[in-house]
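Next come two complexes, and both contain chain A; in the first it sits with chain B, in the second with chain C.
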Partner chain A sequence: MSIGVDQWVETADSRRVEPDGWWGRGSNWWGSIPPWGRLGIVLGLAVFVPLFASDFVVRVGVNALLLALLAVGLNVSVGWAGLLDLGFIAFYGFGAYAFAILSSDQLGIDLPTLVAVPLVVVATGLLGVLLGLPSRRLSGDYLAIVTLFFSQIFLELALNVDRLGVDLTGGPNGIAGVTPFHLFGMRFSSPASYFYLFLTVLTLVVIALYFLERSRTGRAWQAIHDDALAAEIMTVPINRLKLVAFASGAAIAGLAGSMFASFQLGVYPLNFQVQFLIVVYAALILGGSGSLSGAVLGGVVVAVMLDLLRDPGQASAAFYGVIAVTLIAKIRPWKRLGAIVGGAVVLGSVVNAIATSLWPGAFEGDAVSTGPLASFLDSWIVVPTDPVTPGNWAYCALVACVLALPLVHGWKRDALVVPTLYLAAFVWETRLVGEPSITRQLLLGALLVVMMLGRPQGLIGKARVERV
Partner chain B sequence: MEFFTQQLVNGITLGSLYALLAIGYSMVYGVIGLLNFAQGEVYMIGAFIGLFVLQWLGGPGGLSVPVVLALVLMFAAAALGSGVLGVLIERVAFRPLRDSSRMAPLITALGVSIFLQNSVLLLLGPDIRNYESASYIPVTSGIHAGPLRISLVRILVIVTAVALMILLTLFVKRTNLGRAMRSVSHDREAAAMMGVDIDRTIMSAFFIGSLLAGVAGVMAGLVFGRVFQLMGFVAGLKAFTGAVIGGIGSIPGAMLGGMLVGLAESFTSAYISSTFQNVIVFCVLIVFMLLRPRGLFGKPEIGKV
Partner chain C sequence: MPRNLLELREVSISFGTLTVVDALDLEVEEGEIVSLIGPNGAGKTTVFNAITGVYKPDSGAISLDGQSIVGLPPHQIATMGVARTFQSIRLFQNMSVRENVMVAGYGRTTARPWQSIFRTRTARREEREEREHAEELLSFFGQRLVGYRFDQPAYNLSYANRRRLEIARAMAARPRILLLDEPAAGMNPTETQEIAALTSRLRDEKGFTVLVIEHDMHVVEGVSDRVVALDHGAKIAEGSFDHVATHPAVVEAYLGKGAAATK
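Right, the complex of A and B next:
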């Protein structure tokens, strides 16, 4: 016990409930490595990706790093300062458009990368200050709505400014033919070069933010996040710090935007819709809002998940894999798990036998999934010749089952899990696998809800549960 | 002059829709102090429920029942379905998070809203559906007096909206449940100590708010025809602003605020620019929210520690 430190505060760590289970042990072990070691391990693994992987995988990697960078930027305003900023996508879009205008034929300006990017970052940061001004007066929901207005205004301007005489944004067609990055005599053209560019930038940003988090400013943000009123009474200048948070997040978004524009060789209004904002939020929430490594992890996981969904075979493997892992992690003891899985298999076989004998010819469809699972799925799930209507009804039934799950307890819940599993597989094979873009959005929406309800601290965040 | 009155009627029609939606925001905000992001989606689903009833009754071309009965059924089904949906949303997205940070329920509501939008997209496809109200509510009938021309559909919408608002005002002022809502919005803990059932009160606020959103959805279908899965997003944004302009938590404020947003939108698109209509309306709303965040009828917020 030292002098000048509150005993309650000093002993806070000993009262904290430690996470248990294999996940808890794993994250404790990971947390015990010093930060530089953690960064080194991740970087050491990441630099080898482009050497061994195909171009497609490297592109997925670039998307993952981009999303991680955006999640890290969003984390500054949402996770640290606690400002629900729904205008983040506008900063990202502004950065991308600004870079595209400064280095393409749109206005005949083609600045060198080393001039254009800092210009864009500073301009986006200033825009962040400007749009952050409402945060002085508004809080919580009002701020969320006003910033959502900004996203909408940005999108409408990007779509319509071409009608005002000067064709600044290219309207619905966007700007094509953006000059790729030129740095130190190198021209970035291959996905691998962009992979290293994104990796370097992400690393630098993460290191800078790591120190920022521990600085006076970072601790003050934490104070505002926990209790703005108390922070203000402790003489924290909350208005100025909120503006700084907005501006820092915006500058990172602007940087990400300019890199994205150069990687895509163009910018299009469709890239900056609210849907993508949801993706960034899902990444941050999944990883754990407020944690830097969480934001990076969330960005990578969400981006890889979304890219997996493009290919039906991989998507199915991921879908059944996630279900299997969830079942194994959540259902104890093994006997219960065995009973549920056995029940699902029996249910499927019975349904299959009855359906094919009652209506021969009505179930000629094949399960879309391929690979080792396919033969099992074909005998387990009945796939109707016309899958759409039964699939839709099954979807409604599935949603009802999932909603009912938390309401029942004990053996009733176990009994309900069995048809839920079967319905999930049925809906997946009949409807979801064929509608990848809708499935992505559905999963993201569900992810936001499930994470906030079940694990608001994210995958690797620590729950702030204290024993009193 | 005729153009002006035409825009006035348009604005009032639009304003009636926004006002009904805004009441939902305001009621929910009143009892739990949170914004229900999914309100716009409830409105969209209400519009679809109305459309299904219409098709079930024989479709726009060949209604098997009198038009009045069909309309009553459409409104009733949409109101009931949306109300139940609202209660479900409360159970899933708001109740479990009642004691957590303010940001958590906003994010779940955002998730629910994305989920609902895409569920509708999955089940019904991206096609824009149409109410085709002109084929069963004659366009030519209505009020024609000098420069004033109001079609029957618009009269129907405005009258229904006004009637609902009067009913709602009476409900909140006179009934026990209405009193409970006012007391919960005033001070939830004190209300609980006085024996008010908080869960039930919050649930009924969601039910009534969503019911009104569903009715507004059917009205939107009747007036504008087009029904699609993204219709709720921008409408919800504008209606929320209406609620803020009126002073969030205040029901008469929401009615007036919704009306003002409708009028502003209609006149902007008529006299200034229809391309930048949303941009201009949003900018005006942002400025208003900055200058007077408590709205026209709102009480100044006093932070209690």
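Right, the complex of A and C next:
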């Protein structure tokens, strides 16, 4: 018997199957480009955005870069080291407030950007160490609860530190009139200038973290995430590395905070509520926790989505677009798809005809959506004169239908899809499109639910196996 | 006379009112392969946990090469030269085979995070050394863990390969003494035989001192310079395999009272 002769291993290459289809070939091609090439392609596309896009789009881009930076920072502690840090928003807020205090009339201090930003980053990193000290022995849900508490403490402080003799934070009014970044004699005022600045910062942070991920530190973090005891037995000082992870994430959040304060020209307590923490988490999870490029992609996707949904017209386009794409991708063959869409059209027309003839005058409302779809929607959907109550009931019915969909099979499911589609359109036109702030959260939540069911590792994350 | 690399003196550990390790004396000389045997619940793994710093003994002394290691954190004990495998495999499942091994180089390397980010000379040299060392250690097991396997996640490996990877990972911590916790558990007869051969090679080719917990008596017989038998946390016999295997106290511990007489 000779050790290590293994038929299976020897013939492994002959059993390998090349990925198929346009998706498989595409990702294969993308993966074959070296990392620098991939970074170059993405940057090359990104630098053209401000040249061809409107100011609004560039602003969306700046928000996207900022959220991407936050997701990348969160990825250090959550994605790599596995520390469920819900205090992240406090570091972001601390960075923003610290920069605002150091460069505004609040205390009469106005430091040059090149002094203020490094000061803020170091201070936030130290705050990360400070908050990490009592938390480093906690893990999982215990750590989450303690750090969530830090978030709340920060918000309370920001709201109340205006009554201590000196007005440090401006209380509920925040700090307005923050000096914008001025570097090397340039003053950053236009969205485009911020876009390029943020793109540069994000790129540098991503490159730094790319090298860190592949170093002993990055490996030790991932080892702690997988099995902290085994990591410690394998020479890794886990408590110190947890602190480093905490502090690194915090420092990046502090950097993002000062950038945000300067871009917004002010900081307000509302910017740092737990809602925004959820958005950052959503970005990281959607993109793929533990993956650097995933965090960037998640940040961009979520930020663009949230900004897109601000405008009812774009929101409608996105809503119906997603439904159409889902139907086309999920329902085969074409005959079945045709039957379902046809069924929905017929159902709508019949309901419309019956409703308007039975109760003339009760359905004077108009579909809110505009554009090419509008005239079709008006004859398809019955919009009550007072849409609120029927809309609410329809919303409940829609949730029931969606929940029932996975429970039925075969033709019954196809039959159920028809009223579900109609209800979705009805609810959208009567209720959702009119209240974009709620709708944004709902759609973000729905997107996350679908994502977690269909692709738990995120857009470009790797599937994880947990130790049992 | 070779000196004791690892020495336990009067080590006692109890969980609440239950004494798990009872005034245990244990020595392992440099270059020796010592087997720790005993029925389930005898306290063998607890001894490993005490040596590696997972548990702190209630009393007694543990020293590595004359230096006390009681109360030191596990990572420090590991860096000083004690590495182990686990009875229930504890790999870093989501990391690649190569990365699993490279993690254990943490204690030996020095690059700070900023050095890694700026890829200083030290950081690059250490990284290259650890990588080569890891690949060399993995080739210790023939072709099973090399080539494309380097980049596969650990959860993709078969059970036997996971055990092998754990041994490779422990070796990468550059230990002076290697603690193997049931390396042959769950292996088929061929693989068990291979583990026995491997345990000897760990000493003969790599120069490690080995303390091994094992239930398979063929392995114990094949590899041990010395055998120590535990029951209820106390040492009941010590010596050559033949001496311990036929010792009445050992037979009684495994088979119950009266078994020795009927044999």
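Throughout what follows, the second predicted complex is superposed on the first by the 429 of 468 C-alpha atoms of A that agree within 3 Å, B and C clash if a C-alpha of one lies under 4 Å from a C-alpha of the other, contacts with A are read in each partner's own complex, and residues count from 1 in each chain.
In the analysis below, contacts are C-beta pairs under 8 Å (C-beta built on N, C-alpha and C of every residue); 3 or more make two chains touch, one makes a residue touch a chain.
Since this is a predicted model, take the numbers as computed values, not measurements.
Novice: Touching A:105 in the superposition: chain B (first), chain C (second), both, neither?
Specialist: neither
Novice: I'd like to know which partner A:229 touches here: chain B for first, chain C for second, both or neither.
Specialist: A:229 contacts both chain B and chain C.
Novice: Figure out whether A:55 sits in contact with chain B (first) or chain C (second), or with both, or with neither.
Specialist: In the superposition, A:55 contacts neither chain B nor chain C.
Novice: Report for A:403: first if it touches chain B alone, second if chain C alone, otherwise both or neither.
Specialist: In the superposition, A:403 contacts chain B only.
Novice: Per the contact definition in the header, classify A:208: touching chain B only (first), chain C only (second), both, or neither.
Specialist: second
Novice: When the two structures are overlaid on chain A, which partner does A:386 contact: first (chain B), second (chain C), both, or neither?
Specialist: neither
Novice: Does chain B (first) or chain C (second) touch A:447, or do both, or does neither?
Specialist: First partner only.
Novice: Contact-wise, after the overlay, does A:156 reach chain B, chain C, both or neither (first, second, both, neither)?
Specialist: first
Novice: For A:311 in the superposed arrangement: first (chain B), second (chain C), both or neither?
Specialist: It touches nothing on chain B or chain C.
Novice: Do chain B and chain C land on any of the same chain A residues, and which?
Specialist: Touching chain B in the first complex and chain C in the second, residues 229 of chain A appear in both lists.
Novice: What part of chain A is in contact with chain B in the complex they form?
Specialist: 78, 82, 84, 134, 137-138, 140-142, 144-146, 148-150, 152-153, 156-157, 160, 163, 229, 274-275, 278, 281, 285, 392, 395-396, 399, 403, 431-432, 435, 438, 441-442, 444-449, 452-453, 456
Novice: Using the touch rule from the top, collect the residues of chain A that touch chain C in their complex.
Specialist: Within the complex, chain A touches chain C at residues 1-6, 9-10, 12-13, 208, 211-212, 214-220, 222-223, 225-227, 229-238, 244, 248, 290, 462, 464-467.
Novice: Could you please specify the touching residues of chain B with respect to chain A in the complex?
Specialist: 29, 34-35, 88, 91-93, 96-97, 100-108, 110-119, 121-123, 233-234, 237, 240-241, 244, 275-276, 278-279, 282-283, 285-286, 289-290, 293, 303, 305
Novice: Can you list the chain C residues touching chain A in their complex?
Specialist: Spelled out, the residues of chain C in touch with chain A are 52, 54, 73-76, 78-79, 83-84, 86, 90-95, 99, 102-109, 111, 113, 116-119, 123, 126-127, 130, 141-144, 147-149, 153, 155, 169-170, 172-173, 190, 193-194, 197-198.
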